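Sharing a structure, written as structure tokens. Questions coming.
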Amino acid sequence: MPGAFVGEGVTIEADVVLGPNAVVLGAGNGTAAWVQAGAQIGANATIHPGVTVGIRAQVAPGAVVTRSVPPLAIVEGNPARITGYVETSAGLGPLAGSGPSPSSRGVQATSVRGVTLHNFLKVPDLRGSLTVGEFEREIPFAPKRYFLVFDVPTAETRGEHAHIHCEQFLVAARGSVSVVADDGAAREEFLLDQPQLGLYLPPMTWGIQYRYSQDAVLLVFASDYYDSADYIRDYGDFLDMVRQQSIP
Amino acid sequence: MPGAFVGEGVTIEADVVLGPNAVVLGAGNGTAAWVQAGAQIGANATIHPGVTVGIRAQVAPGAVVTRSVPPLAIVEGNPARITGYVETSAGLGPLAGSGPSPSSRGVQATSVRGVTLHNFLKVPDLRGSLTVGEFEREIPFAPKRYFLVFDVPTAETRGEHAHIHCEQFLVAARGSVSVVADDGAAREEFLLDQPQLGLYLPPMTWGIQYRYSQDAVLLVFASDYYDSADYIRDYGDFLDMVRQQSIP
Amino acid sequence: MPGAFVGEGVTIEADVVLGPNAVVLGAGNGTAAWVQAGAQIGANATIHPGVTVGIRAQVAPGAVVTRSVPPLAIVEGNPARITGYVETSAGLGPLAGSGPSPSSRGVQATSVRGVTLHNFLKVPDLRGSLTVGEFEREIPFAPKRYFLVFDVPTAETRGEHAHIHCEQFLVAARGSVSVVADDGAAREEFLLDQPQLGLYLPPMTWGIQYRYSQDAVLLVFASDYYDSADYIRDYGDFLDMVRQQSIP
Amino acid sequence: MPGAFVGEGVTIEADVVLGPNAVVLGAGNGTAAWVQAGAQIGANATIHPGVTVGIRAQVAPGAVVTRSVPPLAIVEGNPARITGYVETSAGLGPLAGSGPSPSSRGVQATSVRGVTLHNFLKVPDLRGSLTVGEFEREIPFAPKRYFLVFDVPTAETRGEHAHIHCEQFLVAARGSVSVVADDGAAREEFLLDQPQLGLYLPPMTWGIQYRYSQDAVLLVFASDYYDSADYIRDYGDFLDMVRQQSIP
Amino acid sequence: MPGAFVGEGVTIEADVVLGPNAVVLGAGNGTAAWVQAGAQIGANATIHPGVTVGIRAQVAPGAVVTRSVPPLAIVEGNPARITGYVETSAGLGPLAGSGPSPSSRGVQATSVRGVTLHNFLKVPDLRGSLTVGEFEREIPFAPKRYFLVFDVPTAETRGEHAHIHCEQFLVAARGSVSVVADDGAAREEFLLDQPQLGLYLPPMTWGIQYRYSQDAVLLVFASDYYDSADYIRDYGDFLDMVRQQSIP
Amino acid sequence: MPGAFVGEGVTIEADVVLGPNAVVLGAGNGTAAWVQAGAQIGANATIHPGVTVGIRAQVAPGAVVTRSVPPLAIVEGNPARITGYVETSAGLGPLAGSGPSPSSRGVQATSVRGVTLHNFLKVPDLRGSLTVGEFEREIPFAPKRYFLVFDVPTAETRGEHAHIHCEQFLVAARGSVSVVADDGAAREEFLLDQPQLGLYLPPMTWGIQYRYSQDAVLLVFASDYYDSADYIRDYGDFLDMVRQQSIP
């Protein structure tokens, strides 16, 4: 586009769109930036040196990108922050107008293969509230591990990977967290903002957690002990594996 | 004592001590109060009608007791609030000067039979912190249930019972909670104030949770599904059962 | 009662009940206290010198009363605070379980003669919310005056009088205020805690406003300009006038 | 200017100034932007698709405009926010150094035709404060309606219209609001930040309310019942009507 | 008085007044309390064992005293807190209605021998504010030491002593602190609540600091290096020394 | 660079670097900007008219500079804020990993000529904390003046000058302040974030204070009374004087 500038040594992959007057800084200012396939860089946007803009990510017009942008993420502002993920539908949680009210109980399917949203019993009480989940009855597996994620800066994305075999179950024990679940074809975003809501992620689901509230504590149950070989950390690799699995 | 007043219909059990000018209100003001064995009522204290002061509880001088006082509890103020439990030692948690520092990891025995304090790995990170616990490896059982307790008013006691068969594991996912564990003979108080600390309570342990911070979320794992027959809710009954079990 | 003490010069009117060990301080400590007809002083309560305990007021057991207690008020704590009014029913506002939900619109009669509770249209909007009231259509008069009451300490009672001719209409423009309306026979308490709720008080209604939230702003419309001769400031006088009016 | 870019389908009206490297996005990115007469777009500024920049508005250099800009507004930042209005003098309220102190009482004329600033009596009291306004005596009309505006997000403008016949009177019952009054020739900005300050807007006055504080509650009295035909919502139409009225 | 109770081993010095039903606990409950000369114990008050009530202190009716009360202090509440000092006039600071406004500059004498209140120049500025004091010009000595007192719990009294030779100068660098200055004859209380206010205390002045706001930082300049022999820590000793000095 | 724009009348001194699409606004928009020697303007950055960018300052890519940038400062964002100073090492305070722990006491030299960091005794106490500094013993001079700086907006830099003869000693009495000390050759940044830390600045040290926390109170002792002739306010002049002094 007119006025766009791409610095020395910058890698621009296929199907990238650059808006007018956009600047992608190169080796002359440090390490060259890297813009991956299908990414869109808006007009007047500035990509700092050393930054990677992930597969199909979108940088808004005028945004100043100072840190790497994950695949599919939409970023805005100066400095740029993630404000959403492309082509992601709003989930069945409180985000969706037609979703279950907090007092209804049960399990609902979603648009993402195998992902289910669970609404547990909540028992309010003058002496405090209580919510309960039962393993193997309500939650489809017996946990080998739990972990707690906390003190996450609001602007951070924490989690961006898939598991080959491990199942996971997510609960926002306090505060709120947005979770994007992606099976390689469909993508849906869920707002976990009440302790009685849980989200089941089967194996081979790409999961992103972001928009942590200041006081958020995310409780995760995992069906297996930790195994680094079970993690898929690159979205391109994940897409390749999904395609191979679906070929008979 | 001089000036002490005990209302009509009040039950005063054995070994109760009443301070000077203490008032225990009786049937003339509603339902008569009940002061259980070994309780101590301080000088100038006022016990409202309908209130039960539990076994060996202590009401401080000047306190005005408007709600029932659990066994062993120490209450102070106007209105009276629980400030501790009698003959309870400070646990191995951060309450104890000689206890483990949060960065040391491992399991420690306590003065209460079978109760152990667990210090899990904590992984701090600029993108947020994470703590992990493994079932059957670090935690002595596989859970059938979890529950979350939250929105507990600071002044409330929540929990005051024992289980016949069920094992429990307690973690303060956020904020802080004080837990008193009691095997019928020894009593110890633990402050759970960091998400990487866990407390294991074996069957036949009387457990009290109190001093919830405003933002506290208590995460409890249970080794069995809910069974109301497994609960012992009266401390006298609990003491009887402990005595019977220890007689060969 | 045993141990009760009434100081020198104290006036105790008819039908007063004193609890055991209650103390009402007299001229020896300054100005003698004055306990009006039908008041009840609980066990171990302390009434400071110079204090008036109003008609049929109730001082809870253990309370320490340092300021005068209005007629009908119930006080508790140390120092004593107003916690309610005797024989007052909960109004039709959000206090009452069967009351209108905030989204329903309309006017409802109450148990107090001529007093009506109004629920106006509220228009929520992403750009802010708006509520509207129309004079002479929805509100039964055209205002000559408005006033705003604000910065009221939470523990204070502000308002305690009736008008001979003036009509009033009350709206909590922000925060919440409890209003007791009393026609000399029936008494009802209303919680104004949403800006679309309004309360109409006809002439010859004794009105009390208390439990102001920290941020409360009470908006009052009056049907007449200020006239000090229109105020009845003594509850005994008010009762007398009500009785005279109802005699044909 | 050098480097400026105007996208496909963008409407640029008369007397618009574009700074160097400014970008106005067009139909290729969604709906084309529209820049109205006399607007100024600063250097390096970015106007997102679908946005309208109103008559004589000013976009600061480097600003990223993601929402429409009202006539006369000055916007800055990323995303751009309104920081003022062009050619608007500071009013007689606390904004003006020489203005009345809050304790002085009275009515002051302003530079805008017919607009008056009113300072009512404020009665501070240990039991809370009170301010009073009298209709037809101090406020020039008898109200047919009141409305309350609240929960306005800080960054929002709420209000931007004129009335043909209706008079209005504005009071910030809590918090603060800035009001711009414009008679088509002169423009003045008033900070309503104390409950005893009121602003009278006669018919044919273009009024803008913005810079709502987080807790702001704006109380508005109107001389007529609601009539949608009385509203002028387009600033260009307003200017035309003012010109017609002033021609004898 | 009727119903008053004085425990075993309690020391009651001359001129003590006990109200009706007051309780002073003795050796039977631990260490006996000690009520010093001229103290007044109000009706229904409770003095815990081990507590000393200082010379001429006043315990309000209904108070429950759990910690020792300094000489001259007035205590109220449950638990009892210091609310003032007997026979202390309000100082020339903002406490006094007729005092200097913060913008006037200069030095003012007080009712306490040699104590002066200083109002320094304050320079407000959009970039922050600044206040300046000059030693030997405005402050009557050159400092050998400064100290900062901070993180003082609101309810605490910090400071209660006199110096034989050392001069002091006190500034509340942030927040507010109340200072009582006492020359053995006159006593005056000053509220230091703005950083440009300073209080000079000459040798042989009994000084008390209390009512620290939560964020208070008290800055003290001293004319001498630390010398423990220069401190008078007992008010009785201080009174004796003042009397000896004033006898020629 | 391609697409860069420099307005009419703008002064660009030697060794300035302009990134692609950067804009420096000139007389056409008000007063022309001035970019001093060695400054760097990043890609897509916008320099508003009337702004001075100081010696060797760095403007990040995409930054929008609306106020003047001091010498050596690094600015980022829209509007641009100071985030650091070029070639400045982290000081010996808590900023440096190997620095003294708050409990160790003493004086440490720094990389800047004559500047020393002092760690005073801190006496924590249940009744509040206290820290003490002694003049001529621990602090190398007797003060003629103190001043307090407070209410500084967080984004502001306050201080940016050197003294010819006057010595200074800085303490953050509350909150935290970052201080850059510069002898013309070396530059080091110190975080004063505890009241027991002090920083000594000898004559001919360029000092900058910034990153004031919201509650910061900076206490400064000066060895001389105020003398405007002792101030060096221009960094270029300071560098010239340092060079002249170091020539024998």
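Should a chain be cited, it is by its letter among A, B, C, D, E and F, assigned in written order, with residues numbered from 1 in that chain.
In this section, contacts are C-beta pairs under 8 Å (C-beta built on N, C-alpha and C of every residue); 3 or more make two chains touch, one makes a residue touch a chain.
Please read all numbers here as calculations on a predicted model, not as lab measurements.
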Contact-richer chain pair [C-E vs A-F]: A-F
Identity of the chain that, by mean CA position, is farthest from chain F: C
Chain located farthest away, centre of chain D as origin (C-alpha): B
Same-residue or different-residue interface between chain B and chain C, half as cut-off: different
Mean-CA-position distance for chain E and chain B (Å): 41
Length of the line joining the C-alpha centres of chain A and chain C, rounded to whole Å: 54
Overlap residues in chain D, where contacts from two or more other chains coincide: 3, 21, 44, 64, 78
Interchain contacts (touch definition) - all pairs: A-B, A-D, A-F, B-C, B-E, C-D, C-E, D-F, E-F
Complex contacts: residues of chain B adjacent to chain A: 124, 126-137, 142-153, 156-158, 171, 173-174, 195, 212, 215, 217, 219, 221, 225-226
Sites on chain E touched by chain C in the complex: 2-3, 19-21, 43-44, 61-62, 77-78
Complex interface listing, chain F residues touching chain D: 3, 5, 7, 21, 23, 25, 29, 44-46, 48, 64, 66, 78-79
